[in-house]
């Protein structure tokens, strides 16, 4: 199967290159970058020297369709909607790693402050949370790959919501991310001396992942859900850890909830439930497609705390995208993703 | 005024040396370390070469009383109660930076799993949260200096609790700390390759700062308070950031709450309230005695989120201890503490 | 082929697990750890949960020989010589990642301050610098895998020495390493607060990699070589960068030397020579088996500066060990090692 | 004494604010920033909130002269020469922290690729290496503050050169710096995900500090000196460590050389010579004005290795500038600089 990576020079693009080079059933045939077209990828990313010898192309859907069967679109926010319609029309399957297709138009315009993509296409896009929507994904032509924070948060909370165990208005999600989540664009907020030995909260109340999480929780809950959600920037390159708090409707023990999670994720290669008393660290999933989950029930407050960790560039972006590629093709979901976390 | 530092070779001890060297009204006359007695402090800490020429002594209260008027006790957990009674008896004033005297005996024994110090002495100890208990501190012979997490949390939450603005059973505190908070004792949990590029939660439900915070909140609320509190270890040396969530009883705007905070902390040199839309980062207070606070009211959930940052070794330990020294002596609280945060 | 990892719980052991899990021609059948025997590997390393389900065993050569064909020995310094003779005698092939067999006995005892292993065995051990000694490696029963600093240094300097281009008494090697090179043993020197935001030189004049490099340079030069070599600890987990300086006998241009290096390493999968004006960074080889080399000739001083980078745990230890495994078996040297550096 | 800081929003400007706020004999009266004129400094640097309440001004020499006696110029490279003549003419004393005045015009134009400032003014500028040129500094109207790398390198090498102990053509300087040395301007080279967990060499053979060091070595040697000098970027915010290698003309022991260094720097508050076998780490001088030096003589190679560390923003920039301010005014060189390194 021939693959195009649209926007190969950002971090999610680079991560796709890393992952796809080890995938036994695909060949990367096209790399595009509008700003660096004509250069070799190794000029921009010396780490792929000798591994990728491609020259970067302009992103022209008709040309891409001649050379590839499926396109990963890894463009900065708001740019996917410019090219995805053309790619679909040209007959390609598309996995979009941006946020353009994740929300219904009115929510999108409210939170992203941009014009929404064509409604029809947005409605046709399947939300690619692999462990929860594998069947729909298998049928899709257009996948809208989940955001990094939503992936960690939803994998951690959906078992509770699905089973009606928590008070829906009690959810507080405190989320922390490494800096690669902010991408490759330069900003004082990601300038090394500003970030190292520093920790800060950002985008309080306005982060565009809030409506994405709420939409997906509501879909499973069958009713509206509103959450408190705060994001923090942590001085590390990779990793997301979400700490989610919710009030249990009934008294559950930690052990019983862990059993429930084990059942919910039975057969899911990439979700690992930790034993009682053990909580995952981001490094324990680094560079891999795993989402590890630990939880704790505080009997004093009747709240459950769920700790969920991913590598934001893998399960939070490019890895899950490849997992979705596998599902779309009827391959084992772990094909080409069987690498062990890098530790330490 | 002559000062003894009991336990000068841990990180809070070293930080006392840094701060006290710039204090215009004191002289450090005694440094003790039971494990390194006989060595010079510069052998252990080359950074104070030429600045401190002291030889480390064994900690003998009678000897210390001959050479000093006040002792800072900066010993590992559980060791203060062994020496503080002797120091008090020998006529010294004492500021204890450990946790031994912070909790009533039953709570102490439940959470610390150690024998509590003499009840009488514990009851005599004044909780040294400088901005809230300056008058009691001024009269005290024994200060129990607050924990690092409690300092950041309480300075952030007490204005709400004091004014009865929040539902007391709705408090969730998500706390993050740099690694120096774990001290100088070696552990795989603080081994560099395990920590760098890593983020993890720890001590869920069993952190001994939970009852300290609850006790102090209850004291101001006039009723019992139970909170959810999770601590995280962040790959940086210094800094604590607490993100506290609580449901407001009434509708308040962010701006009105900020005005309230400004009033509460009027005249407090070391608490800085940030303007609307601005949230403090740990680096903005690093190496200084400031606690900076920002907040945000989410009208959708009626929750207030309070962001509070300190340097765990300064306002969270040695800096606040010196602030208390100043209050005990009737000096301006900022004496010797007027250093600007190091940035970047 | 069945593989035993002796000393599976150190960092080089863990890295072997990561790499071997992706190797198509081997099966890891035995993991040993004397200190953690009886525990599952996932208790010590949660990152391999679900991937390795082994229980750690005591290291008993006879038992190991029943279950495995080849053993990687990844023990702390000085312990290999205790077990390697038994493993060899039991009929296993051995790749030793420690330093015990790298030096002739007199040099070993001088620099390591320990008793040397049996002379006969040491003389039989083949120095596993894969790109330079592939033929000997293919015939060996016992490989002594090179040290991390020597690997980076030798790959960078040997082309010059081999071709007689430099004054042998002019070599200065300034070496820098991430902290994982110091292993998993706890020490104040690797305690997070001591290391982060810090840079230091260590072991001046006494580092045991000095005689290893000199021995290998002399072997190629055909005469004694003495170098100046200084090691530094850099606040990062992985990566070694060596900056080597030497006076050229004749006037060479940067470009001509680069051409020479290209020829020397023609066909070597894991050595990448950078184009003129480009110098490799450690992150560009991180988690991979590459050694990237850049160089610069300063016509003002007639010195060449060679920059060489590796991941100390991969090409500097476990990756090169697997490369040697491949060579010993007549497989392509890159078998199971074809992973792209993780970037960023 | 009234002080103007020209270019207050860069990192050396911010560091001047931190240091000067604790200086007992000066008052900061003017802060300028052409790009942020009209804003308050606290908008750009929240860490100085409540400490500095200044509004940033345009840099107009005539206006500045009305409000200040001396100006620190902390502008990006090449901009000092535009404003310094006007400031001098307006009667101000000037300490320039940029590189514009450090080199004779021909060298400047060769290495900086910019037009040199007026020759007369350049010749009048005194090179502000405080420990070596205190008398000239005391008489100067214009100080050209040394570069960060030259400060560390020269303090380490000058005692050897001055006493004629080394072969001048044998000098190799391997220099490493934290990222704040690259300033506040955004660049992919200082983007957090590119730098953290990374180490690289840069500007081989073209760094503009090469001619600065050579010029100053030659001045003391009385003959031309050419060195090999390589700079590396280390994943930390602050700190420079230089490792300098040179061949001794005669056999010296480490101890004898240390004695010599002690004599050379007798009475110098900010140079600390470490005892035999101890080598300084950057953190041991962090945020302070110290330069700590350790050295080692390798009898095998007859080379001496000198390790020299500074905080690049303090002794390497703003701290030494204030030290020069003190010398210009006949105050103790340590006035306002008596702060202990922040450790850990």
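Every chain is named by a letter (A, B, C and D) in the order it is written, and numbering of its residues begins at 1.
By our rule, a contact is a pair of C-beta atoms (placed from the backbone, for glycine too) under 8 Å apart; a residue touches a chain by one contact, two chains touch by 3 or more.
Chain-to-protein mapping (UniProt): A, B, C, D = N-acetyl-gamma-glutamyl-phosphate reductase.
Quantities reported herein were computed from a predicted structural model and do not represent experimental measurements.
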Farthest-lying chain, centroid of Cα atoms versus that of subunit A: D
Between the pairs B-D and B-C, the one where more C-beta pairs touch: B-D
Gap in Å, rounded to a whole number, between the CA centres of subunit C and subunit B: 45
Whole-Å separation of chain centres (CA-atom averages), subunit B against subunit D: 36
For subunit C, residues contacting two or more additional chains: 11, 178, 180, 193, 196-197, 235-238, 280-281, 283, 286, 344
Complex interface listing, subunit C residues touching subunit D: 169, 172, 174, 176, 178, 193-194, 196-202, 204-205, 226-228, 230, 232, 234-239, 241, 243, 245, 279-283, 286, 294, 296, 298, 300-301, 303, 305, 307, 309, 344
Contact footprint of subunit A on subunit C as seen in their complex: 11, 14, 17-18, 21-22, 45-51, 180, 196-197, 237-238, 272, 274, 278, 280-281, 283-288, 292, 338-344
Touching residues on subunit C, where the partner in the complex is subunit B: 11, 178-180, 184, 186-188, 190-193, 195-197, 235-237
